[in-house]
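Order of writing sets the labels: A, B and C. Residues in every chain begin at 1.
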Amino acid sequence: MKAAVSFSVGELARAVDAELVGDSSAVVTHIAPVENAGPASITFITGRKYLPALERAAPTAVIVPVELAEQVPITRLLSHNPYLAYARLSRLWAERLLPEPNGFIHPAAVVDPTASVASTVTIDAGAVVQANAVIGAKSRIGAGAVIGSESEIGENTIVHPNATVLHGVSVGDGSEIHGGAVIGADGFGWAPNAGGWEKIHQLGGVRIGDRVSIGACTTVDRGALEDTIIDDGVILDNQIQVAHNVVIGKNTAIAGCTGIAGSTIIGSNCRIGGAVSIVGHIRICDDVLVTANSFVNRSIKEPGSYSSGYPLEDSKTWRKNAVRLHRLDQLARNVILKS
Amino acid sequence: MKAAVSFSVGELARAVDAELVGDSSAVVTHIAPVENAGPASITFITGRKYLPALERAAPTAVIVPVELAEQVPITRLLSHNPYLAYARLSRLWAERLLPEPNGFIHPAAVVDPTASVASTVTIDAGAVVQANAVIGAKSRIGAGAVIGSESEIGENTIVHPNATVLHGVSVGDGSEIHGGAVIGADGFGWAPNAGGWEKIHQLGGVRIGDRVSIGACTTVDRGALEDTIIDDGVILDNQIQVAHNVVIGKNTAIAGCTGIAGSTIIGSNCRIGGAVSIVGHIRICDDVLVTANSFVNRSIKEPGSYSSGYPLEDSKTWRKNAVRLHRLDQLARNVILKS
Amino acid sequence: MKAAVSFSVGELARAVDAELVGDSSAVVTHIAPVENAGPASITFITGRKYLPALERAAPTAVIVPVELAEQVPITRLLSHNPYLAYARLSRLWAERLLPEPNGFIHPAAVVDPTASVASTVTIDAGAVVQANAVIGAKSRIGAGAVIGSESEIGENTIVHPNATVLHGVSVGDGSEIHGGAVIGADGFGWAPNAGGWEKIHQLGGVRIGDRVSIGACTTVDRGALEDTIIDDGVILDNQIQVAHNVVIGKNTAIAGCTGIAGSTIIGSNCRIGGAVSIVGHIRICDDVLVTANSFVNRSIKEPGSYSSGYPLEDSKTWRKNAVRLHRLDQLARNVILKS
């Protein structure tokens, strides 16, 4: 990560299509957050409140909102969306800094002869591609990753080291599956019988769309009879559990450690915080925001913001309050009786 | 998953030991949920309330409760337990559709010469079986899976791709360990010393019984001095954490994302929901049901259903109520003082 | 785990620097918890309340607090910190019982020719060490583990089977990364654009100090622009999520299933329970204790103990109380109006 990379400010302005005011030949070696932006850095601010921090720092250049153009005395790129411009700059650095795919299949990778692998695919050592799997152009399969039989990986998709894509899963184009993720394990389906459990074999698959990101150690189970579906543009953070037959709509974002129980349908453009638990067999409509740590124990039919959870207290206060919680219904009855 | 499979309805009725009313020679290619049951499908219903959906659908056949035999006009299998019959049908499809174990050790698997592997075992590419491990007849070790030294895997057990079974772990017969699961990592045992921590080396193992299922990315730590125990018939979903010296009794089922802290003992035939957190050093008796998202902060001595958790609200209401929670004890005192 | 190991009590006393009273030539084969301490075992007690259990058991020897020296009639090691003495004994057994590193690189490991690997390093089958990685003396890389390009692993550090350390990560000396852990996956950084998400490429790394332990299936993401930092002596249990740019101070201990959102800074010597969720962009000062299952939704500026969470009830009571929770603000207003 410490390799030497440099860009002229002029190059960067062109790359993010921003108007440049100042010295286009100045050279920057890294992007920095505004509070640590020193020499040879470019930074960005998204609003007026960061102006003092910017003044204290000494970056070579800064991306600023168009409306602050006159308030910044240093070399600056004017943008209608500085955060998006920053995202696009980050790609320039990533392309130079990150291990580059070489389009080779490492001799210590194992690719079944019946698999269909485009000629531009990179497969690292220890990866295993099983029978009849299909891998599209320019995709990369990391070290130790497994692509199960009959699975299809699209183009420009990255399956990171030690990720597992089991049989009969499809992943679209431009998607990423991070390390430790497991896609297509059996859904948790069991029929009770005589005190024990008989397995319901999970005959569905998993369909993952284009431009989807699946975080490290996130699990997406295959469906019982039909497919579990993650639609285009969905972004899932780490350690998320997606149970069988869940459907997640386009562009929905879900933060880490959230669990979604079976057959729940989540709409498009939702934003779901971290450590949320969502029960099974419910529907969440489009454009819903759920704050971190909430317990979604019912369907949500109206767009908007939803929450639950017991916020932090000192332990002594909590112990007292928690005792009262157990008698809350009685307390309410007392109040009502007296009113 | 899309291979062509077909069964006659007569075959299916015999396989699940159900009385058949209708055309035994009709052919079905797939099992469908009742709401999507179209031509060439068999479906199942578990009660009267699904009759309208069944009427709207057009399956070739249906499994129905015996008592509804007369209310269904199409080819039908009569069962005293349609859900169980469905589970058994699912096995027929799975046997035809899933990648079949071939009883071979892939040349790119690594099996230590001191390991003892039955002749009918399948080991996929990239799997590693270490010194003195034992693997019983007809078991399968998936691609990239690791079986540690001195570990014993029973017969007909499946260790899925990229699962990790560390040294000194035993797994019984007919069990499954899904991808990404880690069995036998060190329990979290530390002695405080001079502001830091000294590791308590974990000398116990993990004993997993017969017909146990362990979900993807679930972790079961080895015991400190004695073993962590998962008894016969236990089913654990994905992303569950089982700490050292936990004991889980026969046929208990635990849903995804639940965590169980050290030395807790859970009885038999319990059903524990998803995202439950269970503190350490407690006992939960047999036949306990804990609903999703609960915080089990004490022992449970009586069978029954237990819950906790703050249910969902709109965020505005939640913010107001949460503030009041912090003064609940004071509120209760005020009410009592006035009564 | 069942290999025959034996020590004389005299050896053990010397190893933990304890005064021995009794038969130094007595032989023990294992350490046992006091309630199960039988023949040929050594056990330990940390206080007077365990004396009856010790009397019922029949260990060969026991580690006792100095002040109980006269109350114990059997062979005993006197210690000012019996729990710490037990930790140190556990190491003696571990050294004899656990698979020993052999200082060899297994022929089925894949080590890039540009990697720099000390001559005493053990690398197991199926492990992959990528370009320019550096691995220090006496470290061990388990089967199926991946060490990414440009990463540095210190001395005497263990990366367990199927753990993943991605590119540009540094890990200090004497640390452990357990199986299934993923260090250095991309942080969850996205810029909203036209209803979708543009990836913010994560250009930072992860820096992990000395004597750090990372649990199984725990994930530590790389930073966006700067590094995610886990300082010396930190111990993290299983299934923890550490988001990008989090900083965890020296000797802090965190139990399983806890999630920490992005850019949060946690001080030194904190103890954070299991299944805690901690929001992003906050600071927790040194010496904070957070009990299990808490929701840390704000910064903590004073050392002390903090809690939250709804404790367990029977489901019927919970349903009644939960309904009242939704109207808690109204209830409080009613009480106040009447006072």
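Note that a residue touches a chain if its C-beta (ideal position, glycine included) is under 8 Å from a C-beta of that chain, and two chains touch if they have at least 3 such contacts.
Since the model is a prediction, treat every value here as computed from it, not as a measurement.
Interchain contacts join each chain to each other chain, per the touch definition above. Counting every residue number used by either copy at the subunit A-subunit C contact, under half are found in both chains. Centroid to centroid, with C-alpha atoms defining each point, subunit A and subunit C lie 26 Å apart.
Touching two or more other chains at once are residues 126, 144, 162, 180, 217, 239, 257, 309-311, 313, 325, 327-328, 331, 335, 338 of subunit A. Remark: subunit B residues 1-2, 30-33, 36, 81, 83-84, 86-88, 90-91, 93-94, 97-99, 106, 108, 124-126, 142-144, 160-162, 176, 178-180, 211, 213, 215-217, 233, 235, 237-239, 251, 253, 255-257, 269, 274-275, 292-293, 309-316, 318-319, 322, 325-329, 331-332, 335, 338-339 touch subunit A in the complex.
On the subunit B side of its complex with subunit C, the touching residues are 110, 126-128, 130-131, 144, 146, 148-150, 162, 164, 166-168, 180-182, 185-186, 188-193, 195-205, 217, 219, 221, 224-226, 239, 241, 243, 257, 259, 261, 277, 279, 289-291, 294-298, 300, 304-311, 313, 317, 320-321, 323-325, 327-328, 331, 334-335, 338.
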